[in-house]
Each structure stands twice: as structure tokens, then as C-alpha cells.
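Each of the two complexes below includes chain A, the first together with chain B, the second together with chain C.
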Partner chain A sequence: MSALGTGAAELRQAWRDGRARTALFALLALAAITLAIGWQQQARQESDVAQATAVDRRLWEGQATRNPHSVAHFGQYAFKPAGALSAFDPGLTPWLGTALWMEAHYQNSATYRPAEDQRDQPILATLSGAFVMQILAPLVLIFMGFGLVARERERQTLKLALASGASPVAWLTGKFLALAVVAAILYLPAWAPVMLADSDDARQRALYLALAYGVFLLTIAALIIAVSARAGTARGALLTLLGGWVLMALVLPRLGATFAEEVAPSTDTGQFWRDVRAALEGGIDGHSPAGAREEALLQETLRQYGVAREEDLPVSFAGISMQAGEEHANVVYDHFYGRLQQDEQRQRRVLRGVSLLTPWITVRSLSAGMAGTDAEHHWHFVRATERYRRDLQRYLNGDFTQNAKGQDFDYQADPRLWRETAVFSYRAPRVGEVARSYAPDALLLLGWATLAVVLMLSAARTLGREASSS
Partner chain B sequence: MLECRQLAKRFGDVVALDALDLRVAPGEVFCLLGANGAGKTTTINLFLGFLTPSAGNLRVDGVDPAADPRAARARLAYIPEQVNLYPLLTGLENLDYFSSLASGRRISEAELLEYFTQAGLAHEHARRPVREYSKGMRQKVGIAIALAKRSRALLLDEPLSGLDPKAASEFCALLSRLRDDGAAVMLATHDLMRARDVGTRVGIMRAGRLVGVHDTADLTHSQLEQVYLDLMRT
Partner chain C sequence: MSSLRLEFVQITRGALPRTILALFVALTAYGLWAGVSERARWTDVVAANRAQAEEANAREQENIRLSRQEGFSPPGAPSAQLMDASLPPAPGVILAQGDAPLRPVTAWISLFARSDTLFRNTETESPLAASLGVMDLSWIVIVLMPLLVIALNHDLLSGDRDAARLGLLRAQAGSLGRVVVHRLGLRFLLPGVFVTAAAILAMALGTAAFVAFAWWLIATLYLAVWSLLAGWIGVCAQAARSAASILLLAWLGFVVVLPAAIALGIDWLSATQSRVAQVVATREVQLDLQERMSELLDRYLVDHPELVGADAGGFARSYFVAQRETESQVAPVMEKFAEAQRRRARWHTRLAWLSPATLAYGGMTRVAGTDSTRHDAFVAQAQAFAGTWRDHLREHLFLGRTLTPDEAASLPRFTFEEPRGIGHVSRLAGFLALLGVMLAVLLRGEIMDDELR
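This part shows the complex of A and B:
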């Protein structure tokens, strides 16, 4: 009764306070604008991807009679679909690239990074619903909650309330409930992804995402109450909370990323490609030059077909050699791209460690993960394109091997060969798979929520004694 | 009703209260007099359970506030020097809120308005925000809260300070009525005249010690003033 009564009284005052109403409406309006812009950008990207995919496929199928290896070099683009939830949280998408060129011999990195075009855009266009929820909503909560206890201590209404017989725990819980209602209003934009979702899977992801933001905002609310209850003055509470916000929401995530980079440095792009080129040429061990490998392959092929000379082979050795080159390159790429992914995994583990110091890293990670805009989804896409590329190379080299005997690169294949190839289509990992991967982050967030509640309740226990100092 | 024996409170090396023996019975208004820092507010905070005693023991209707502050507060009503309420809530809403904290239940609006009136506030003020109230009106809301709580013991910490004479007189009339209804009242004040008028006994405190206790019936205003000044000089 007293918790609900306290919460209701607080909300009544907040509603009558024009500043609180203005702050709430301003944030919700900003969230609506960023969501509308995000949705528009996502829809445009979807449309661009659909158009580019169609054009690219038309060009691919439109190739006239030619050698299969030329077709392999002609290549195709794979465009990363902008998932529906990316309108809410673009995550790392702007930095990771949205298109991948699939061609013979090379596993290229993704290109077309929206971040490269963002410098000239108005700031609103670069904001997202996730930014509003992660950075601005907690700030509004701080401004609305910093004085909930500290100001009452200053005004001595706290003393009057406790002297009236209020239970400190129930009274503080009432204050928390009031702030939780404010948080619930600020939380409305987190439900936008549920409406944006275009499939059951996306809808389920959106629900997890909304759940994560709900726990996050309640955690922040409990931390605000705990600080306000322990602060001597409202001004002290505000300064502490703003300092904490700057540190935990802005500084630590950045420092965490730098620290993760220090602990598990990623390979420099230039060095990466130098290493790849060296390994392609000399083998991963550096002692298997391409010439020696080709000679060994020839001897092996001759032995397999029981002939003594290349001219006596019933198939094109050039085709076999090209496929062997692809297989060798695949091992090289698996090794070096695998190393890149391992670096990122190590960085992610380090960041998880840093997130013991701030819940912002955790919620950012969970949000991007559920929106499908994190590094893990990017690698999932990269692996899918690479599987497609390898299958295509095997298919084209197979045709070359079987039909180019005696003609090699003069061989001209029927266009049906590539027109009948499957169209690349990508399906993002299922929500269950993503949820499993993010279980440690979810546990970390729950840990933060538990800690916040414990801090709040422990502050309540001292409230009755502290009131006399006011 | 309110009782303490050898009650002491130290803050580090500073002795705020020393060996206080006191008993306030039902139907009695005990006025604590003394200069700032004499120990009056410390005594009230100890009875409210906001402070724990360094020595001695105290009881509120048999309950030890140090051991169970909530139970002790449930038996008390408290009116501070400044009854600070929620400025954006109306007087009635403030009364409703603090009363519900005290009783754990909602009191009907009619009953709240009755307490509002009993405290000397006009009906038309009930639905006005407290930020428009004068200090005297806020003090009266404090009285209304105390009335709604129906406590048998009241702790008043300089509630007359800053009140205009009319408001102070009305306030004292209310106290007298509560006393006559059987409440045990402890009133900390600097106002010797009001203490003489409304109190049944006065206790004079100096440097944390109760240095004199007198029945008000035995003293005129000027005699009380003389006793007070003499005790302050020694």
C-alpha cells in the first residue's frame, strides 16, 4: 500500500511538473523521428539491394559464350540483406560493409560501408532508436530520478514520511515504481522493432530485444534510486549520476574497445593481405611454393589416370590445377579469416569482462545481436557467401576440367552453364542460435539488475537512520 | 507514554545528550526549553528512532525506538519546525499521502476533510496546491496528519517558529485540545510564553543536560523567564 501510494504520489507530481512532461515528450518525439528515418533508410537499402541483386544477376546470366574461368572472374556481388530490425539498431553495419564481390581465387572482404558516406549527413540521420534507448533514455531517467530521494532528504519530507511510519523499503520501492513507470514510457520505442519485424523469427528477436531494454532501463532506474538514496544532496546525486553516465555509457565502452584491441590486437588490413598473398604463393608454412605444388599435382594426376604425359590425360589438367589452386586458397583464407574471427572473439570476451564495470556494453551487444547487425551476423553472411563462391568455382572448374581438354582457355562454354547456377540467397541465423550465443551477455545484464536491486535495498536499510542528519 | 532513563547521545567526542531522565504521561504537554544545541532535537530524534542512543534506554508506549523504530513511529505523531510538504500536491493530497503511510490504508475523503477542518484549515484550501500555502497553513496540515494518525503521543520540534501570533495561538489551542483528549505531547520550543500557556511542565536543557523541571502551574510568565535565564547563566 505504501509503495504504491508513494509511487502514485510521485507520478502525480511528475505529471504536474511541466519540465518532466516536456522531457518525456521530447525524447519520445526524437525516438519517433529516428525510427522513421531508420525505417526509411532500411527500406531504401532493401530496395537498393533488390535492384542491385537483379541487375547483377542479369549481367551474370547475360554473359555470352565464353570460357568458364572468364565467367568465374566475371564474378557476382552478394548483398547483405538489411534485416528489418536494423532500422532500430544499425549496430556495426555501417562499418562492416554491405556487399561482397565473389570471384575466382579471392575471398574478398565486404565493401560499401555506409559509415563512409555519413560525414555529410545531418546528425539526426545518423541517430538510431537504439542510440535513443541506450544513451538518451537513461539520461532522461537521471534528470527525472536524481532527486527522488535526495531532494526529499533536503526538504525533510523524507523525515516526515518515515516519522509517519512508512517502511523505508516500501517507501523506496514506491520511488522506484514511479521511476519504473517513467522508464516504461521511455521504453515504448523499444517495442518499435516488434512492429518493424517482417517474420516470426524477426518478431521473436524483437521481443528478446525489447526484454533486454526493459531489464536495462529498470536496472538504470534502480541504480538512480540507490544513488539518490545515498547522496547527501540532490545536487550531489545529480553530479554523481551524470558522472556515472558519462563514465559508464560513453567512456568505458570506448575504453573497453581500446583495451580489447590492446589485449587481442586485430590484424592490420594491409598486413592481412600481405600474409594472404605470401601464403597463396608459398603455402601456409611458407615452404610449399606454387610451382612445386603444381608439379606434385601433375605427377599425382598422371599416376591417377595411369598415363605418363599431360597430353595423354583424358581431362584438362589446367582445370584440375585451377581447382587445386582454389582448394589451396580456401585453406589459406580459412586460416587467415579464421584468425580474424578468433581475434574478434577474443576481443568480445575481453569486452564481456569490461562489461562487469558497465551495463551499457552488455545492452549494446545484446541489441546489435538481436537486431542482426553485430560482427557475428556479418561473419555468418561472409561464410555463406564463401560457401556459395567455392561451390561456384568447383562447378565452373569441373566443367573446365571435363570439357576443355586440348583447348584449355580457348574453350567456350554454353551460357546455360552459368545461367543454371543457383541464385545466391542468404538466411540469417535463427533466433535460437543467436540467443544461445548471447546467453552470457543476458546473464551479465541480469547480474547488473540484481546488483542494482541489492544496492537500492541496502540504501533503504540505512534510510531510517540517515534521515536525522537532514 | 514517552519515557527515558539515563539517555545519552554522543557524536564522537561531542556529548549531545547526557543522562536524561524524562517521563511524559498521557494528558500532559512537556515543553523542552533551551538554547540551540541544548539537545532538544537530539532527544526528539532519539524518540523517533532516527538516532540510536549511546547509553540509557527509552520507550514509546513500551516500545524501544532503537530496537524497533517503525513500531515506535507507529505510536507517534511528529511535527517538525518546518512542515515541508509536496508543493505540487494539494493540501488534501498531502494529507491523504502521509496518512496512508501512517495507517497503511486509504482514509475516505470526507474523513480527511474532517481532519483538515479540525486542524483549523478552511475547506476551500483543501484542493489548492501546497506551494500556495503559508507556513502556518503547512504547519496545520502537519497537525491534520497527526490527527489522522490518531496517535496518543506527539513530538513537536519547534513548530511555533516563524508562525504569526494568530497562527501560533490557533496552533496552541489545538495542542491544548489534544492534551485534553489524553495525548502525551513533547514540545521543543524557544517560546517561553507559549510553553507556559500550553505546557503542563517545562524542562530546561543546557549543553545536553536537563537542568531544571517545573510545573507551569507554579510559575508566571515572568517567573519562568527568570528561572530560564538564571539556569542559562549558571
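This part shows the complex of A and C:
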């Protein structure tokens, strides 16, 4: 019998099994409900963000005549948009802040992580389209595929099938194709993001996402066939596959997380701000105290303008000093936030190492990356807000320097000054801009797919030997 | 004793069961290690923040003695005083970490502290590890131990039925009921030993005895429910394989799908409100207040006649009043969020009864002090402490007095009072016990069945 013939026969048999049909439809229904709720939440979040952004801008522009430095301290808020694909895979969204205050002197971190407001952490995760595809779909495949070969061996029909002249590879490929058809049905929810996409970039991301899940489910299907072909009994195959699922999908990612934290520990908030404060005061090297910097700046400014006293300067030295303070703080923040990012990158590398033991970490990383809900995209947002904040401070301090001479903090600027500032508008990175950073994950997933195929072919050869020895 | 040994030999016969048992020993040890590590990390964080607060206080005393000014404020200025309010490690963090690692454990209290901004700039820890979750002892008991129970009990009688040994067994033992009870009890010993050893070790490592006991009680009852369920299915099923399949499906439903569905259901029924609205409301109030700062200060002094003779000038006083006014105007918005959270908690309490796993996990983190309850108590106490701090320094601020070294030394310190109450745990234990009794009745009915007997 050809591979296609074997596959078709298996499919007919599977379709006759009411339990299999129920499991498939139940999963698809669950995915549909999950996506509907996810989409509703994402739409609400988008609307909240749009509304808040407009109100914050109105407040910013509505400030009456004030000192530019007071305006800088009032600052602006940047609200992180959810992104269309977060309805399918919220990724790290619950653990990342949603609002960032852009004010003078401080690079604040994003605040209001949804996880802090959720008083009821789920044992594994909240249901989402990604959870269905990553955790539940492989389980349904296991329940439908564990006995495909092992049961034939148990019933003594394996030798019969192979003795009839069928090539073991073709015969096993047929079994694989049958399971691949089931995987294709389970795969349907992975196409939902394509429909949810609201831009060309989102559509492109959704296609990559679907591709990743396609490779993942086929990898799982091939592994199931390989295990089923090597297991002595169907029960043994089921136990091995379920044990593998528990280990790879549930246990190893958590162990990996702990290991990553051990290798590259997260920075404690208190320590982070202690270090930042110390560096702001004494310089990153701890040897350039603020007072000395201020004095050196004054002397340099006096030299530049060719005067001997601060009062003789044609500009406000307070404005120059504030901007110099900002420039110094920028270096400090770049250093310490850069370190946070480096720690995260190290954790990511450690997790990639653990991915050699389980494809679940890889698919999780790819999925959140393509959905734009991972740490990489969050940092992109943080960097965009920081660029805007720095430009804003430079602009306001510039006005202060030019116009506050002799008045300094009593100077009152015309509101047009801040009404004319650029509106902060955030654009998430295009997939092409970040694709490089997911290349290792994509390669790891392909590596797993290759390994699965090799294991399946190796199992086919074993079956051939088994048949010829009888 | 000999039957115990025989049963143990039977259970551990073969490489696979031994590997599984070794794996669970390793997992239990790992869970303990993870708990001890988290407690050490938490202790270090709190100690560092405490040390920073005391160091700053000692420095301030010295500045006052030497009349040395650092920063913008003169030495002893009430507005420059700062104290930490830190949450000590939860009493049962070794046993259950819950979502405690996510929550901030220190609030910095000053005259200007506001309840809506007690915790700021806390996003420095990596979200990668948080999103993958921790594997603490409670998670191991709730998610993985039922699999051990299923592996041990799925063939309680169905294995003998598969091998056509039921008749022989009945003849040997006199009653199959006795065999079932005997086997069930003995096979429960293994997971029972794991959780008991874990609780004892946690106690030896510093967990309070009543916390360890309450955790052990919930864990034992939860695993007893699984044992009875596995025993019942293991007796009913015609074959060990179908018993295993049914039990694995039950595990999947109760431990994987249902808790995730409950979380989604709560999101749907009572969504977490976006804090974005709170930010905007606060900003609106702040902008309005900034333009009425002097008017506010005058009104405040009229409302507080005890501050007669106060100096109405100075940024610190205006800012203090503006902060109080902001807090009072933002209070209705904050209350809306608090009410939304309470509503969410109520839904969680109702829906959790659908899944013993969700219920037991919630109970374990509650007794360990790593669910939101203890943190809520901490936030409330930190807010109350901020009030005490304000009361202590308000007169100094408005009457223009700076602190003496002795006054600085004797500023209030925050002490966390552990919340009391085990009502939830006793209800939970009662429910699990009831569930166990119901399963035991079902099992007994099955054993009494004529055909089986």
C-alpha cells in the first residue's frame, strides 16, 4: 500500500472513532472561544490606550503659562499599544508595564504590569490561542497518534502489513500523513492571527507565526510516530509520549527559567535604583562628583562666552546646567538599563540552550516574538519613549537657556512652547527589523523538525529489520 | 509488614517505576531548594532596603549635628526624611512561592508619599523567567504528583482483571474490598511520604509549624482525593489501559484545562481594569492642582487650626498639600479599581470550586502567605504607616522646625503584622475531605457490587 493509501485508511479509521472527533471539535471550539475573548480584551486595551493618549496630550497642551522646567516635570505619559496579534498570544504582556512616565531627570521604568493586578495567578497559564496551540494541540495529537504503529504491533498486524511488500518508510510515512492531516485541522486556529491582522506588517507576522506553528505541530507528529514505532505496546507509547509532554512542555521550561535566573539573575529594583542614584551623584566610575562637574561646566561656559562671571553670561546658566545634568543622566541610564537588557539577553541565550532539550521553549519564543508581545518588542517601545523624552528635555532646556536669563525658575514661558512639541507616536518594529533576532529560534525549531524526521526514518528502518527478521 | 514490603516490591519492580520514583525524589528536593533560594533572595532584598534606610537615617543625624547640607534640603528638614516599609519573607515561601516574586516588597515612605504611587519603577526584574513560572513544591504537588498517583493506582484491580487473576485474588484474600483498601492505603503511602518529608524539611529549614502543617493537610487531602479517584476508576475500568486513559483525561481536565479556563472566564466576567484610566485621572487632578497650589495651602491651613502660626510659604508645604489633595481626589478612581479587584477575587473564589487543583493551589499559597492576601495586608499597613509618618512630621513642616538628631533617630519604623485567619483553609480542607468521602462512598459501592465481590 502506498503512503497515501495507508494515510487515507488511517484517517477513515480515526474519523469513525467518535472520541477522536469529539476531541478535535472540542479543541477547535475552545480555540474559537479563547480567540473571541482575547480579541475582545485586545480591542478594549487598544481603545483605552488611544483614549488615554489623547487625554494626556490634551493635558500637556492645556498647561497654562509656566516655567519650562515645571512643564518638563509634569512630563507626558506613553501608553504601550497592545498590538493586534496579542489577542492570539499575549506572550509576556502580563509581566510588562503598560504606562511610562516621561519626565525631567528620570528615565522611569514602565509601570502597571497586568500581572500585579491579577490576584489569581493560574497554575499553568491563562487560556489563549497560543496556549491551545502549544499545550493542548500536541496532547490531542498524542492521544490520536500514540497507537498508530504500536497498536499494529500489539495486534500482530504490523508484520502482516509489512510482509505484503509495503516499504517500511512508505508505510510509516502514510501513518505520519494521517496524523499530519489531524495536525492540519488542529492547526486552523494558528491562522486566526492572519484574520486579526490590521496591517501588512501584522499580516506578515501572522504568516510567520502560522508557519512556526505548522513546523511545530508536524515536528510533534513525527516524534509521536517515531515513539509509537519503537514502543513495544500502545500503552508504553502513550506513557512515554505523555511523560515526554509533561517533561518538555511543563517541567523543562520552568527548570530552564530557574536556571536562567541562576546564570543571569534579575536585578533587584532597590539595588538598581541605589546604583543609579550613586552614579548620578558620583558618575558611573564614582569619581566625578556632581559639584565638581557643575564647577567645571561653569568654567567651560564662561570660557566659551569669553566672560568672567556667571552674571555676565548672555544666557541662563541654570538651563545649560540642567541640560548637562540630563546628558550625564542619559549616560548613566544607558549604562544601567543597558545592563538590564544584557541580563535579559543572557537569560534568553540560556533558555535557547535549554531549547535543545525541548521544542516548547523555542515555539513559545517565536510565537511571542512574531506576536510582538515579548521583551524585545517591549524594549523597542522603551527606547522609543526615551528618545522622545530626551528630545523633549533638550527642547525645553534650550528655551530655558535662551530666555530665562536673570529669571531662571521665575521665568514663565508662553504655552505655545509645549503645544508645538511633536506628538509622541509609537510604531512597533516591522518584522524585517527584528527578524534577525529570532533566527536562532527558527533554526532551533528547524533542528527539532529535522531530528524528528530522522528519528521517524530510523524507526522505519527498525521496522524493516523487524519485518525481515520474522 | 510483609504485605507492605510485598506491595512496595511490586510497585518498584522494573526500571520505569524506579525511574519515576527517583524523579519525584529529585523534584521534591528541587522544589525545596527553589523555595529556600527564594526565601534567601527575599531576605537579602529586604535587608538591603532596611540597611539603606537606617544608613540614610544615621547620615541625617550626623548632618544635623554637623549642620551639613546634602542635596536640596537643609539638615533635619522633615520633607527630606525617608523610611522603608518592607514586607518580610512569607512564612511559607519555601513551600509555595505563588506570585510573590512578582510583587514589590518595599515602599519608600516620605511626607509626600501617596497611596496610588507607593510602588514606582519596580520593573527591573526579567519577565522571561516570570512568564515561564516557578516550579515550587506546591506546583509539583498540584500538577505533577497526581500523575504519580495515577501511575500507582490506575491498575488497582483492573490490572488483575486484565490478567484474569480476580478470582484467584478473591480466593486468597477472602474479600476484594479488603484488597482494594489495603492496596490503596499502601500506594498512597508513597506520595504521602513525599509531602510529609517536604513539610518536615521545610519546618526544619525555618517554616512555622502551623504553616507547614496546614500546607501538609491541604497537600495530603488533595492527593487523597486523587488516590480515591484513581482507585475508583481503577476498580471500575475493564482494563488498566482504559483506567489510565480516563485518569489522564481527568488530570488534563482538572489540572491543565480547567484552571486555565477559569482564569480566562474570570478575565471575561470581570476583566482587570486597565490602569491607563487611573493614570489619566491622576494627571487631570495634578494639572488642576498645580494651578491652584497657593489657594490649596491657604485652605489646608484653615482646615487645620492646630497648625496656627504656620509659615504659608515654601515649596515643601505646598507640595505636601497638593499631594494630600491629589490623593483625596484620586481616591474614588482608586476605589473603582479596588472594587474591580474585589469583584475579580469573588469570581475567583466562586469558580475555583470547579477545579480542586485551583482550589488547593490557592489554599497552599494562602497558608504560605504568597498569594495576594498577605500583600494586600502589607499595602494597607504601608499606607497606614505613611499616615503615621505624616502625622509625626506635619507640625515640623508647617511650623518650620527641623529635626534634632534625637528626633531623627526616633522616627517611626515600620513593622509588618502578619494577617490572621485560617477560615479559608478550614473550608478548603473540609471541601477536599468531603470530596474524598464522596469518592470513598462511590468506591465502596463499586467494591460491594455483586459481580466484583
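Just so we're on the same page, the second predicted complex is superposed on the first by the 455 of 470 C-alpha atoms of A that agree within 3 Å, B and C clash if a C-alpha of one lies under 4 Å from a C-alpha of the other, contacts with A are read in each partner's own complex, and residues count from 1 in each chain.
Note that a residue touches a chain if its C-beta (ideal position, glycine included) is under 8 Å from a C-beta of that chain, and two chains touch if they have at least 3 such contacts.
These numbers were taken from a predicted model, which means no experiment stands behind them.
Undergrad: If you tally the residues of chain A touched by each partner, is the higher count for chain B or for chain C?
TA: Touching more residues of chain A than the other partner does is C.
Undergrad: With the two complexes superposed on chain A, say which partner A:G62 touches: chain B (first), chain C (second), both, or neither.
TA: Second partner only.
Undergrad: Report for A:S167: first if it touches chain B alone, second if chain C alone, otherwise both or neither.
TA: Once the two structures are laid over each other on A, A:S167 reaches chain B alone.
Undergrad: Once chain A of both complexes is superposed, is A:G18 in touch with chain B (first), chain C (second), both, or neither?
TA: A:G18 contacts neither chain B nor chain C.
Undergrad: After superposition on the shared chain, which partner residues are touched by A:L92: those of chain B (first), chain C (second), both, or neither?
TA: A:L92 sits against chain C, while chain B stays out of touch.
Undergrad: Just chain B (first), just chain C (second), both, or neither: which does A:F272 touch?
TA: second
Undergrad: For A:R44 in the superposed arrangement: first (chain B), second (chain C), both or neither?
TA: Second partner only, chain C.
Undergrad: Given the touch rule stated above, what does A:P314 touch, chain B (first), chain C (second), both, or neither?
TA: neither
Undergrad: Once the shared chain is lined up, is A:A110 touching chain B (first), chain C (second), both, or neither of them?
TA: second
Undergrad: Quick check on the complex: what are the chain A residues that touch chain C?
TA: Result: residues 30, 34, 37, 40-41, 44-45, 48-49, 51-52, 55-56, 59, 62-64, 70, 74, 77, 79, 91-92, 94-99, 108-128, 131, 135-136, 139, 234-235, 238-239, 242, 246, 250-251, 253-258, 260-261, 264, 266-274, 340, 343-344, 347-348, 351, 361, 375, 378 of chain A touch chain C.
Undergrad: Sort out for me which residues of chain A touch chain B in the complex.
TA: 1-2, 5-6, 9, 12-13, 16-17, 155-157, 159-167, 171, 464-465, 467-468
Undergrad: Along chain C, where are the residues that touch chain A in the complex?
TA: 16, 30, 34, 44-45, 48-49, 52, 98-99, 102-104, 106, 120-135, 139, 142-144, 147, 240-241, 244-245, 248, 252, 255-257, 259-264, 266-268, 271-280, 283-284, 286-287, 290-291, 337, 341, 344-345, 348, 352, 357-358, 361-362, 371-372
Undergrad: Spell out the part of chain B that touches chain A in their complex, as residue ranges.
TA: 45, 48-52, 69-70, 73-74, 76, 78, 80, 82-86, 88-89, 93, 97-106, 129, 142, 145, 149, 155
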